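Below are structures written as structure tokens.
Shared between the two complexes below is subunit A, which pairs with subunit B and subunit C, respectively.
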Partner chain A sequence: MKPRNTLFTLARRVLAVSLVALIFAVNGGVAFAAEEAAVAPAGETAIAPVGQPAPVLTEESYPLLGGGSSRVKVWIVAQLHLFFAAFVLGVPIFVLVIEGIGMATGDKRYDAMAKEFIKISMVAFSFTATLGGILLFLLAMLYPDFTVYSLKIFRPILIAYALLFFGESLCLYIYYYGWEAMSSGFGKWVHLTVGLLLNAAGMTLMVLSNSWATFMMAPSGVTPDGAFLGDVWAVMHGPLWNPINLHRFIANIAYGGSIVGAYAAYKFLTAKAPEEKAHYDWMGYTANFIAVVGLLPLPFAGYWLTKELYAYSQQMGITLMGGIFAWLFIIQALLIGAIFLGANYYLWLGLVRVPGGEAYRKAIGWMATVLLVCFLVWFTPHTIIMTSSEIKALGGAHHPVLGALGVMSAKNTAVNIMILTTFLAFLLYQRAGKIPKVGWARGGNAALAALFAAGAANIVTLGIYGYYIPANIRIGLSVPQVFTTLFVIAAASLINGVMYRGASETGPTRWGDMPARSQYALFLLAVSFTWLMGLMGYVRSGIRQHWHVYTVFRDYSPDAFTPTLGYAANVVSVTVLIFMAMVIFIFWLDNFSRKKAAHK
Partner chain B sequence: MKRIPKLALTVGLIAAVYGLFVAVFTYILHLPVPASVMKMYMFFVTVVVLLVMTSNEDSARELVAPLEALVYQPRLRRLRAAVFIVAPLAGFGLTYNVTRPTLDAPLELRTVHPAPPNSVKVFGKTYNLLTLENPYRAKEKSDLEAFRQAVEEGKTVYFQNCHYCHGDKLDGKGHFSGGFNNPLPANFTDVGTIAQLQESFLFWRIATGGPGLPNEGAPWASPMPVWSNYLTEDEIWKVILFLYDYTGYAPRVMKEEKGHS
Partner chain C sequence: MKTLAQILAFSLMVVGGYSWFSNSIPQLRAEPPSEESVSLEGMTMESFVALGQTIFEGKGTCPLCHNAVGHRAPLLVEAGSDGPPVAARAPSRLADGRYHGTASKPEEYLRESMVSPSAFVVEGFGKPGTGDSVSPMPDVSAGSIKLSPVEIDAVIAYMQSAAGVDITVPLPTEAVETAESAPADEGAVKDMGALAEKYECKLCHIVPGVDMAGEAPDMGPDLNGLKRYAKGAPDKLPLREYLRLSIVEPNRHVAQGFEPDTMPPDFADRMRVSELDLAVESLARAAEGGK
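After this line comes the complex of A and B, so read on.
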């Protein structure tokens, strides 16, 4: 269906964007607006508590279930629940946007792709719910006192949670099963509205359950001994709630994109017909785009979360970034680097399918070099493992050059340049095979080159300047670095977009003409994202150390210790393997149902 | 000019980067890259070079062609046999070298930033480290003369007690510093030490010394004395003032960083 006029198209686009903005405003915005609302951190209030103090337990207070550690059982189930939850919350966000784009442009392919995306999340939705139920049972069985304590505090929002879950399920089923019935005219608007409601319910569920996790990390609204003060809003609105909300909102989009990317790759590799390969190639490309778009702002949301965490508790902050968990951040850096490399590699290979893409091949070596240098800086540890002979050769345990790369000035600089390089790869892909018709194309290219050079120079200069100023000012430098990156991305998109409007093409994109290894890059993204979430999820939860609720409700179970990093990494890796097996089952199920349908 | 075959180019590039690291760090800077870091560096250098070399079909085919030929070509029978004998032996040698017992001390995965407790008990009192502030800090604005006097007294405390290890330039290179291995005395002029910390952290570290370090990240092997046994509370606060004054850094203040509060 072709749009009737430009104004109408514009109105539809504005609506599509507004829908997404509204979801965020409904959920996050309310919380942001209430930033100055009274928060009662533990120990800073004279209000009489309405609840009992947190119980003092013994080892006998923790019933056992079979052999093995109770913590590991809860850990694995909770993590699996969160993997699926992130996926089923992320997918409807971009499905709604894609459906909106399809409606605005009249291109039916977007609509079909949006429907296929949501279809994948249907089975995942029931897995999420099932795992959530198992998690609740496990908590009640293995940690009864903690569960009762939490439920008493969060009682006012439990009914809302149950109703929202019911509403989300209802919206999801109507949204999916009503896709064809509401595919045109007013029905399409109704369908979009159902999609919006689905997202609103899902996001509200997420922010509610986030408040449980953030309460355990940074309790508010209770006395120093854990007695509830009676205001559940004060409990929910702790210092880490909004940073986690934002971080998870963005991460869900990136994660959802990476998993549907893996689905597209699976389908591409198993497809036989060229049309089918072309379809899943396009789907994989779109999914990779979504994952990368979600990934780019994620480090900044992470910085905000960590900054608030440091501000809440120096002990927690140092344990996290400089203490026992610091090495997990090196693994995090490696995985993020692997994601950047995978995403870039996919874009480089994408030039194969664009006639005229060869012209940009020369740039690949340079972009790879910049990425590599930044990547090496990004994961260089501050504290380096050395043998005694290496320590002697250096004259100490501190490496004067490499040690300097271990601080945030170097890391921030490296990640911003990596983001810009990834964006450049995307920009070159967009330009491949197109010849601009505007007379100022040469000037436009010069402006783009100058923009990137000036942006990179500014980021590097700020990074170097950071070494000469105190920490509290240095932390502030990450803001202009981020804004430089965002400005370059916005300005370059604008210049490039205007320059290539109405450009002639050297030939149609050969969708499906991609080597198999490009699809493994998509798998790499999905696995790396999952692993990353598992490791960082452990870190987020683990920095409470021997507390159920940090500083107010002590953990007296036999597991009240911080496991070794190797042990934690093993548990996370096993969880990732289980999750991936379940995801492959979902993918296989889709192929299986199609085979049956074809057979009939 | 004859084009270099892709496989040779790949191996050459990886070797060149390795050579560059060795030349710059070992021979020019005399600061060799530790093996643990070098392994990570070279792994990703290899990955990136391979990604670039396989970023289009022609290049990827050219890269693997000699390897395919080695496996399939009948005329390369002798070379194949040699590679299939030498490669596993090389793997065996590598594994043997990595796993064989040595007389070297075991590696230490030490955390350099000990996380402070929420409170510390010294001088017969319990101090809440989350809220503890230097009592002299406010004088920097209210009574500059008294502040300068406190800094001067802190300087005296430093040179009477601390400079033997931490150095007269506060750079961690005092007379005794050569006698320590790991950890070395802290270099206060480094942006990574006191510039990143609150004054309450320094108070805890100075007052409780090496024995007061947390169990997490042990063994610490720090010979720092428990200064609360030798200095007064007042002297500790003054020496902290001096450390920041001399280095020009400002102590980290969390409340200011929160911004919205």
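After this line comes the complex of A and C, so read on.
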């Protein structure tokens, strides 16, 4: 048998795949407008296919590159690419908002902070592009048949993708380097428009690349054996596309917030001058606020995604939530628990910098207790793996009491209460050091207390009711629970906002007056967010199990197995450490350049 | 540099903690379905029904949705609020005004339900928003399940047997290659000792013919007494049938003095057909005195 991994063979395959990609990209771009409409999910062949069925491969179809698993190589590079991509897509969203706030209020601090945020993402943007290139190279080299198959289907959007990428780069450079030149008058409007275009290009790139991932999970627009039906829109517009688009859009904001929070924490810890510390403390607070604002609706986007996933394939849904991946959600609970506790801890510590914040410090114990109890409920598994003697002692695989906390009724209740508690912590922070001037303040406070109590009671009652109805109906209860949470947040924000309009302050906020451990809470958020993204990236991809494209293109590589959670966690950890090292390098680079500039 | 080192150490600690926790919880690796041919030589209707049950609970993944807990799909092999087992209620489905398939006999209805599930959707089990006109069930002959015609027949035989109606599917007469079989774990083991090790039977049972390393676990029945347990069971099944069902459906026969819900219920998912056959044959022979 010929050696499969000779450099010559590899080079030839890479060249062939690259040429095919180029030809398809060019031809596909021209043909884009001429594509015929044909919407047919996999399994419902409405028209004759124009493509070939997905190939049936053998282990020999997968070239090797050095030692180690091909999947792990692609996994690490793809995940690093996604970390940076999420960051560079998330940051411009809130930078645009902050710049807009700065323009509206005339407060130059916002403008300066927005510029500093975008500056951090400049190097990250280069890393994103480089890692994307390496990923394409690895896919072409290690999974040539899959790459060719995908390119044949997605060829019409490849040219659009390339053009958008250049468009995004152009907007980013004009946006950053033109900041000072377009800082006032009409120029500022032009600058904001460039920022908007930057976001539009970034978002379009994201939804285009999301369609590749969702096609692999829930294919549409192809026959049951994978032959392309000719309509790329039908392929892109699969059942999971929009849920993933929304989920990633929100997650990118939260993630971008957490990473710039880590940047601010790093700068705070290395700052010497008090005014510098004050600036980065304020930046850290803002970043934490952005991260939590992004985090709060994320579980709801997750519900939608899971609901659509169940609707697409109950088998896939049950494998996800009750099968081999069920325990992954216990790890997820640990991570989200850490994120909630970290964000709240940071807020509680922040009360020390607000004169008059002491009044609310006695609430911290209560909020911490609620968060901890909810975290423990969320953390409780439904089934427990035990030794035979433990099963005998317990009387079954489910704990007689705690087993009841492992079902979604309890978990949904817990996460909604955690969200409300975190929102309450924000509300208290906003009120700290302020005295309302309205005459109905006492009544307003009573209304707020009643609102929170009624909301919590409704969420808990719905959770308990869930134990008395069938599972398929029970899942629907998450919707009124979510709406209760959203209603309380909206109504409480409104009441509190009106009540504290024109309120007098007991003193200026002492920015910079924060203990060092508060900054480590920001690092905890950044690391946990990153790790969580890696974990959820694994399950999103892993749910396909032994399929490159679920049900239509089988994976025959030696890596077609679904790895254990421990194995996946180790890969995620390595990836996160590489990413954190790269991010800290970017932070250090910023300090280094400033030192050089100061020296000159 | 000190701050950088502290931040890196902190990040390492957090990441290490998450990794440690992830490695401390139950670990399960899922292999892709292996390709295996099922020899139908000497197949009896009894073993065909048993094969059907193994496919039903394993490769077919039917109980994922058709179970009494989730209420995601009608019950098939047991009676419940949905009525008698599906093979018994097939004639009434065919007579139902909402039925729009092409079957004329119960057996054809069962086959059609598996490959074209929207021909009749039980009230309350359709896709949301379709008014129970579209079933969420996949075609089991395609996609990720991909049962062969013989496997579908075996499942029909099992459903008919479970419902207590006449088994009308014919026995396959020649060896048929199945496309894929139940998920395996690093390939099927070939002897009882390795099998008892792999599936941890020795943790709870004394397994005849297997080195117990001086241990005499009493969590589950001593498998030397299988003949006695089978005779004592109310359904009086033949020994091999009793054994097969006890493995894939542990709560069906709970020996006197032992608790239900103790034995893992997922062997049908985890064992390959050949491994189940090996276990049944090996234990049955030991119980019959080694003949």
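We take it that the second predicted complex is superposed on the first by the 560 of 600 C-alpha atoms of A that agree within 3 Å, B and C clash if a C-alpha of one lies under 4 Å from a C-alpha of the other, contacts with A are read in each partner's own complex, and residues count from 1 in each chain.
The rule we apply is simple: a contact is a pair of C-beta atoms (placed from the backbone, for glycine too) under 8 Å apart; a residue touches a chain by one contact, two chains touch by 3 or more.
What you are looking at is a predicted structure, and each value in this text was computed from that prediction instead of being measured.
Colleague: Let's test your reading of the overlay: on subunit A, do subunit B and subunit C clash or fit side by side?
Modeller: These partners clash in the superposed model.
Colleague: One more residue to check, A:T461. First (subunit B), second (subunit C), both or neither?
Modeller: Neither partner.
Colleague: Just subunit B (first), just subunit C (second), both, or neither: which does A:S184 touch?
Modeller: Neither partner.
Colleague: For A:Q315, select first, second, both or neither according to whether it touches subunit B, subunit C, the two together, or no partner.
Modeller: In the superposed model, A:Q315 contacts both subunit B and subunit C.
Colleague: Quick one: classify A:S126 as touching subunit B (first), subunit C (second), both or neither.
Modeller: neither
Colleague: Does subunit B (first) or subunit C (second) touch A:Y345, or do both, or does neither?
Modeller: first
Colleague: For A:T380 in the superposed arrangement: first (subunit B), second (subunit C), both or neither?
Modeller: In the superposition, A:T380 contacts subunit B only.
Colleague: Between subunit B (first) and subunit C (second), which does A:T506 come into contact with in this model arrangement: first, second, both, or neither?
Modeller: neither
Colleague: For A:Q52, select first, second, both or neither according to whether it touches subunit B, subunit C, the two together, or no partner.
Modeller: neither
Colleague: After the superposition on A, what does A:V407 contact: first (subunit B), second (subunit C), both or neither?
Modeller: first
Colleague: Looking at the overlay, which bit of subunit C runs into subunit B, 149-157, 185-193 or 221-229?
Modeller: That would be 149-157, the only stretch with clashing C-alpha atoms.
Colleague: Please write out, lowest number first, the residues of subunit A touched by both subunit B and subunit C across the two complexes.
Modeller: 311, 313-315, 318-319, 322-324, 327, 334, 385, 387-389, 391, 396-397, 470-473, 551, 562
Colleague: Which residues of subunit C touch subunit A in their complex?
Modeller: Residues 3-4, 7-8, 10-12, 14-16, 18-19, 21-23, 25-33, 61, 64-65, 69-73, 127-128, 136-139, 142-145, 203-204, 217, 219-220, 259, 261-262, 264.
Colleague: Give the list of subunit A residues in touch with subunit B in this complex.
Modeller: Residues of subunit A touching subunit B: 35-36, 307-308, 310-311, 313-316, 318-319, 321-324, 326-327, 334, 337, 341, 345, 348-349, 351-352, 358, 361, 364-365, 368, 371-372, 375-376, 379-391, 393-394, 396-403, 406-407, 409, 466-475, 515, 517, 551, 562.
Colleague: Spell out the residues on subunit A that touch subunit C in their complex, using ranges where they run on.
Modeller: The touching residues are 42-43, 224, 266, 269-270, 311, 313-315, 318-319, 322-324, 327, 330-331, 334-335, 385, 387-389, 391-392, 395-397, 470-473, 520, 523-524, 527-528, 531, 545-547, 550-551, 554-555, 560-570, 572-573, 576-577, 580-581, 584, 588.
Colleague: Looking at the complex, which residues from subunit B come into contact with subunit A?
Modeller: These residues of subunit B touch subunit A: 25, 29, 31-37, 40-41, 44-45, 47-48, 51-52, 54-57, 60, 104-105, 107-118, 129-130, 181-184, 187, 191-192, 195-198, 200-201, 216-217, 249-250, 252-258, 260.
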